[in-house]
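Naming follows writing order (A, B, C and D), and every chain is counted from residue 1.
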Amino acid sequence: MLDKFKDECGVMAVHNHREASTMAYLGLHQLQHRGQESAGVVSSNGERLYMHKAMGQVADIFTEDVLSKLPGNLAIGHTRYSTAGDSAVLNAQPIMVDCNKGMIAIAHNGNLVNANEIRSRLEGQGSIFQTTSDTEVIVHLIAQSKEHTLPEAVCDALRRIEGAFSLVMMTRDRVFAIRDPRGFRPLSMGRIPNGGPSGDTVVFASETCAFDLIGAVYERDVKPGEMVVVGPEGTFSRFFAAEMKQSACIFEHVYFSRPDSVVFGRPVQTSREAMGRQLAKESPVEADLVVPVPDSGVAAALGYSSESLLPFRFGLIRNHYIGRTFIEPEQRVRDFGVKLKLNPIRSLLVGKRVILVDDSIVRGTTSRKIVRMVRDAGAKEVHVRISCPPTISPCYYGVDTPSKGQLIASNKSIEEIRDYIGSDSLAYLSLEGLRVACAEGEKTTYCTSCYTGVYPTEFIPLDQIQPMAVKKP
Amino acid sequence: MLDKFKDECGVMAVHNHREASTMAYLGLHQLQHRGQESAGVVSSNGERLYMHKAMGQVADIFTEDVLSKLPGNLAIGHTRYSTAGDSAVLNAQPIMVDCNKGMIAIAHNGNLVNANEIRSRLEGQGSIFQTTSDTEVIVHLIAQSKEHTLPEAVCDALRRIEGAFSLVMMTRDRVFAIRDPRGFRPLSMGRIPNGGPSGDTVVFASETCAFDLIGAVYERDVKPGEMVVVGPEGTFSRFFAAEMKQSACIFEHVYFSRPDSVVFGRPVQTSREAMGRQLAKESPVEADLVVPVPDSGVAAALGYSSESLLPFRFGLIRNHYIGRTFIEPEQRVRDFGVKLKLNPIRSLLVGKRVILVDDSIVRGTTSRKIVRMVRDAGAKEVHVRISCPPTISPCYYGVDTPSKGQLIASNKSIEEIRDYIGSDSLAYLSLEGLRVACAEGEKTTYCTSCYTGVYPTEFIPLDQIQPMAVKKP
Amino acid sequence: MLDKFKDECGVMAVHNHREASTMAYLGLHQLQHRGQESAGVVSSNGERLYMHKAMGQVADIFTEDVLSKLPGNLAIGHTRYSTAGDSAVLNAQPIMVDCNKGMIAIAHNGNLVNANEIRSRLEGQGSIFQTTSDTEVIVHLIAQSKEHTLPEAVCDALRRIEGAFSLVMMTRDRVFAIRDPRGFRPLSMGRIPNGGPSGDTVVFASETCAFDLIGAVYERDVKPGEMVVVGPEGTFSRFFAAEMKQSACIFEHVYFSRPDSVVFGRPVQTSREAMGRQLAKESPVEADLVVPVPDSGVAAALGYSSESLLPFRFGLIRNHYIGRTFIEPEQRVRDFGVKLKLNPIRSLLVGKRVILVDDSIVRGTTSRKIVRMVRDAGAKEVHVRISCPPTISPCYYGVDTPSKGQLIASNKSIEEIRDYIGSDSLAYLSLEGLRVACAEGEKTTYCTSCYTGVYPTEFIPLDQIQPMAVKKP
Amino acid sequence: MLDKFKDECGVMAVHNHREASTMAYLGLHQLQHRGQESAGVVSSNGERLYMHKAMGQVADIFTEDVLSKLPGNLAIGHTRYSTAGDSAVLNAQPIMVDCNKGMIAIAHNGNLVNANEIRSRLEGQGSIFQTTSDTEVIVHLIAQSKEHTLPEAVCDALRRIEGAFSLVMMTRDRVFAIRDPRGFRPLSMGRIPNGGPSGDTVVFASETCAFDLIGAVYERDVKPGEMVVVGPEGTFSRFFAAEMKQSACIFEHVYFSRPDSVVFGRPVQTSREAMGRQLAKESPVEADLVVPVPDSGVAAALGYSSESLLPFRFGLIRNHYIGRTFIEPEQRVRDFGVKLKLNPIRSLLVGKRVILVDDSIVRGTTSRKIVRMVRDAGAKEVHVRISCPPTISPCYYGVDTPSKGQLIASNKSIEEIRDYIGSDSLAYLSLEGLRVACAEGEKTTYCTSCYTGVYPTEFIPLDQIQPMAVKKP
């Protein structure tokens, strides 16, 4: 998929490291594929919290000057794809507040399904909201909890929210890592042996690729329904909710996570190759070349190639020098947006029957342009293979899928989609094939609601939280 | 006074103008002497509120692009001197929140004396705070009020807070302007006849100089204890508190307000000249020249000159091209910081007996450097005359005076101060003289606590609101 | 005069100081009234030259980081008002070149009258030009000189150019300061006793106000036709041209120089006050107040007041917070541009007969707006007094006067101008009065060509150097 | 190769297009792999030239505002890797000058070997140089030519320079494209049918990938020794030098050019795959996986895989979110710099015998870190295969190779290099194998001096042009 999904995030936490904010920043650098338009870090020196968050890429936001103003041995960080407009900076994370439990900072990956409901209730009781983020709801619940210790209050709050939440939280002397009972989003724990002033550094990150850069060793995942607290008295874990069937987001394996990460206990690269192999078994086609849509289609294309024994080739080259806004000539160039990012290698494609492997088709418009680009480069046939089932339903757990009306597979048959994108054939991976490729089984069960429309939570929001100002008193 | 006081602010509000945010921005431009390090505007198009706030000067923050994203016929704005560090952006105003009364934006000039007390109580009840600003307290009180209409809820909240507050507030369709019952800070109301789509534009500003640039006509001051609401149903006024003796901040006349403003019903320039005249009567001295410390000592020096019949001359030239951070050579230049801003005209000063007129002496260090600069330029005698009484006590009503320990007049006799700053003589205006110069009387009574240590509010905070993170749970 | 003249510059040079580039930068800071839109510094560590120049204000351009990359004990600097468009950065100074005389950097205040002629000849011989600045011509002449030593080559070049030039120049180990034989523009020499590693620091600056900030003592002016060279062998001086009658720019006293500078051996403040006094003698009028147009009319207004015994008052307040581009509302505010910068004090002006003192009237449009502003504020009469004669002719020596067609005094009688600007009376200072005020005599004779149309150089350019690309081969 | 070579450039020219500067900018966007630290465009509207150049990435430099100030139907552009320090902006291209041939702008890819010699002679004759770029030499020679027409003068100049030069040049109404007689660097010509106001748009670019984005069709290469001129009278071509044996830079196929470009008439991707295949034939090894060092080793690795029938896998993931300066923790992370860019996929590598394919080894330090990274990820064996011969000699024709002392292959045997980088085996492609892979033959002969130390030009510079200021007069 050439375009980014918009609402994902990456979180990071560091306990007991002399350069905690630098470690958090380096971790965020590795997590930018999950959201690269705003980033923030909150650190603590044991006395107070320090925050910096801004729009932009991680490496631009965190200069040496900025990091020097984020002192202390504890830090949490967040990176996200920000929606446009005035709410962008407002909604950047972490959120830092003062309340009767002291200073708290929190960063959230996921989406709550009952945030509107709770927010309405809290507003009715006189609470004020300064963002449109569902994360603010969590902080209110913690502050209002009647429990006497912070860990108890947090658990109390967590029991009131439903949906997807992989959270990192920080007080002046403790780091918390929390995963919702269904375990929608990944959250891993790592360790830098003797990394800090008082022994091992403990770190948490959305994906294990964040550990590699900072020299941390993966230890285990935070478990569904678990809260891990690292503080002066050491590390302790407790489960705030009864065990439920896991609903790990299968789309992390299909698209979101980096191939060098291990999520839900399984290397992403392994899943993707298996998807490609399975796809080749399910939907073979006579052809000359297997060509990925870079970068997201590469691993599945390699799997398809090794199963089909058809040669894998980079027939489309990706240009990584893309600025934020790009000026298009008034005298229109056809498919300009796609051409900015991709260019075909004619010498490879000309006269060939090409199997084009991509991870998803969302609206279909980009796929249509890519197929046209490959044909224009001289390909004789273009066969599109997608490494997951048709996306028919929106996600309510943290992926910014368009509404049903915009999802092409929700409105057209596969043959109609093929006709729209202009390929000679089109096939999707079966749901069963995808499950197998991701090794569903005892260890992990997946949420596949975007492919089935069947949602694991009882409650599904009719609408997302309304923009702040639309509501009228 | 060469250095800026730090905690003052300017506020602005606009109702019924097609370019409300531009009008607010222009008003803020005129109010920058009250705080020039951050600024913000919130606008409303009747449906929702739009916000932009940032660090920096008004003209740099509000580009055409930014203003185009602040649509609608209503706007409020705020400019302030921001304290350094991470809290700076956090505490920028206006504050915009969502609550059971709908969307509210608020901007505040002044300081509450019971904010800590209320905040502790609110936190105890489970409220969360995202800034260290006392203004956030007001919003919580409004949200938690049991009153059923917003105006009632606002009045309810206002009755719970004590101290100095000139507020502008906005909902999606109404603008509020409010002044505390003692009327510490100024707040004026103006009108652009037929300025907007539905008749007259109504504007509010901290000082009347903001009206001149946007073509508004001064109408009246918002009265102490009054709340003026301008909305779809027209303009109405109500008093939320019983009448009290006014405590208008006399320092607005001495230093803060622009000389082209009319505050508390009296032209500032008139007061300042009268101070200078009175000072000449009280503390004459044989000399050749009256020289102001620019820019704040100019008007009083003119008054002193006209009363004493001694010639007024600009013996010190002010350099207005000062960037935020200025690089000092390692090989130190004596009194470098003052020299960056001021330069003496030797030809005027050499061999002369000079009366140097300034508005205040705070710590005494800057005065000492200026006296030395004038002597080094050849002056035979330097007589310092200050257009107000010795500043002996901190202000709790919105002026960031240093603590008693740092106020030279709180710790030294006038003769000791004279000795410290190195002048041949030193005299301050008497408190009675200052009252007369500012026309205290039936119309206006002043707060002079910084000169007397006698405070008009029952309650004086032992400390300001603690920095967010110092508190430990 | 409220608007800036555009083509002036300030130059600065430093020899033998451990922080030479910082000293140059501080000097430029003081010279920004001569041009504040671009600035540059070249330094030398004895081995090579280092350059930094950019658009913007001095304090923004020279950060600590930038200064750290300008090492060495020698430096020259330049600040200027840059013309708009693509040529701006191209034409920023100093110019640094490599040639058969080694590395040379040069910075120029003034304007050559035979630059076009020389440039055409040089181009004919195969020279290339990379700027549109006349300064580049000088460098070519130095490089092409057949003289064997650099000082000889420089003198050779200087004898070929005509017009106004106050130059500072630098090689890797020498600083040069040069003034044209007629001495149009000022250039002063100062000294910081034992300021550098090898004894005294020698500095040169367009105005003496630059010396005050860096602790340098004014020593003497560079003389017309003199070249002062400071290098390893000490300081030496030579005259490159026969003595001529001096043509010091009288407009430096009227407007350009800072009042705290001594130019052409005379304190600017003294001249300006004398202009005001003389003006009061020549053109008295019955009135209540003398009000300056700030800041440039202040000194003359003080002189007028002291001669006429009419009270001086600041009836117009200047707003110094002006950003580069200011957004004007679409719904036009009358005289918006002037209102941004000036605001009247109504309480002072209402009902009064006001004498408004300014230094010049160029096009008349701004004066017209200011007169209207003073009347709108309630003045009963407005009498305009200008502290120099009518400006009727353009300057070819470094002041960017508009062409005759745009100079109101070149096209209208005084009565017509009075009618245009809407004042009750209008008077200019006489040329003779101006000469007296500036103490013309044995010591100094002035160029007054902008008031007379009589030019001291034989040659007057028919047009300025053409923009680079208009010429067609 | 993970690190960038530093001195390459990309050039672009556009004739007859309504948005010529936008087309140039889009072309430069595609050429940024040849140098991404500064960029410039000069346009012409037939009357004059307009220039903008700056440090930074193409998409950041050319905003809509900037492009609107580059009007006209002609444009040339340049993008380059800038060397650090003060010379960076100075040396940015295009260079624009005014001379007796009119306005000329020029952009250069390559390096002259006799620039120092010519520059010394020109300086001796009185020429001045404002950059340290050898390109400025060319402009001087054109200006000084006695020929009467510009095309003749250009040919005259070109006959005096030796080395590598692919040039685009522009006057107010003509575009020139020129290639040195040995044809070191590529330069292609394309066409947008009916793209401009007067028929076809003609474009030139360093690589054909620039044509694809703007909808231009590749027509032919500019030939070695050819000058193509496109002007009002149409397109004409002439050869300014006698035919010589071509010395096309073979490193363009090995590393520089994009795989989707056709250079020297041959698709780059085809060459690279052939290199990989040939390498597999020459240096097979028993192993489990072929893994490229991304991105530059990918095509050769695919070739190696398809020849060896060993599976190709992305065992190293490249992080493309790299900011300009990256903050390293003080508590050092081993091989931090490489880890920022690359991360291994452990699940793929663990227990495997890995063939690591890269395009070059320069200093050896990066290769050493990558080998270590692959071993740390669990690989059992690491066999390094390089798709060209050992780099033993610096390039004088436009590639910024380090000096012999820094080239590991110039100082160590292959076995010593293997030992240094820590691999189990190491093999380079043979020179003969490389020639075959690049299809050397009648059509193209290559310069291979970096692998042989045998240079095609008679003259080799003993040193590059000296930094401007080292020279002492």
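Here is the rule we use: a residue touches a chain if its C-beta (ideal position, glycine included) is under 8 Å from a C-beta of that chain, and two chains touch if they have at least 3 such contacts.
The model shown is predicted, which means the values in this text are computed figures rather than measured ones.
Taking the definition of touch as given, a chain qualifies here only if it contacts chain A and chain D alike; none does. Counting the residue numbers that touch the partner chain, chain C and chain D have more than half of them in common.
Among the remaining chains, the Cα-based centre furthest from that of chain A is the centre of C.
One inter-chain figure worth recording: chain B and chain D are separated by 60 Å, centre to centre, where each centre is the mean of the chain's CA atoms.
Averaged C-alpha coordinates give centres for chain A and chain B that are 47 Å from one another. In chain C, no residue touches two or more other chains.
Touching chain D in their complex are the following residues of chain A: 17-19, 22-23, 25-26, 29-30, 32-33, 36, 57-60, 62-64, 67, 195, 209, 212-215, 258-260, 262, 267, 269-270, 298-299, 302, 306, 311-314, 317, 319-327, 329-331, 333-334, 336, 339-340, 343-348. Taken in their complex, chain D has these residues touching chain C: 44, 47-52, 69, 85-86, 90, 95-103, 123-130, 132, 139-140, 143-145, 150, 171-172, 467-473.
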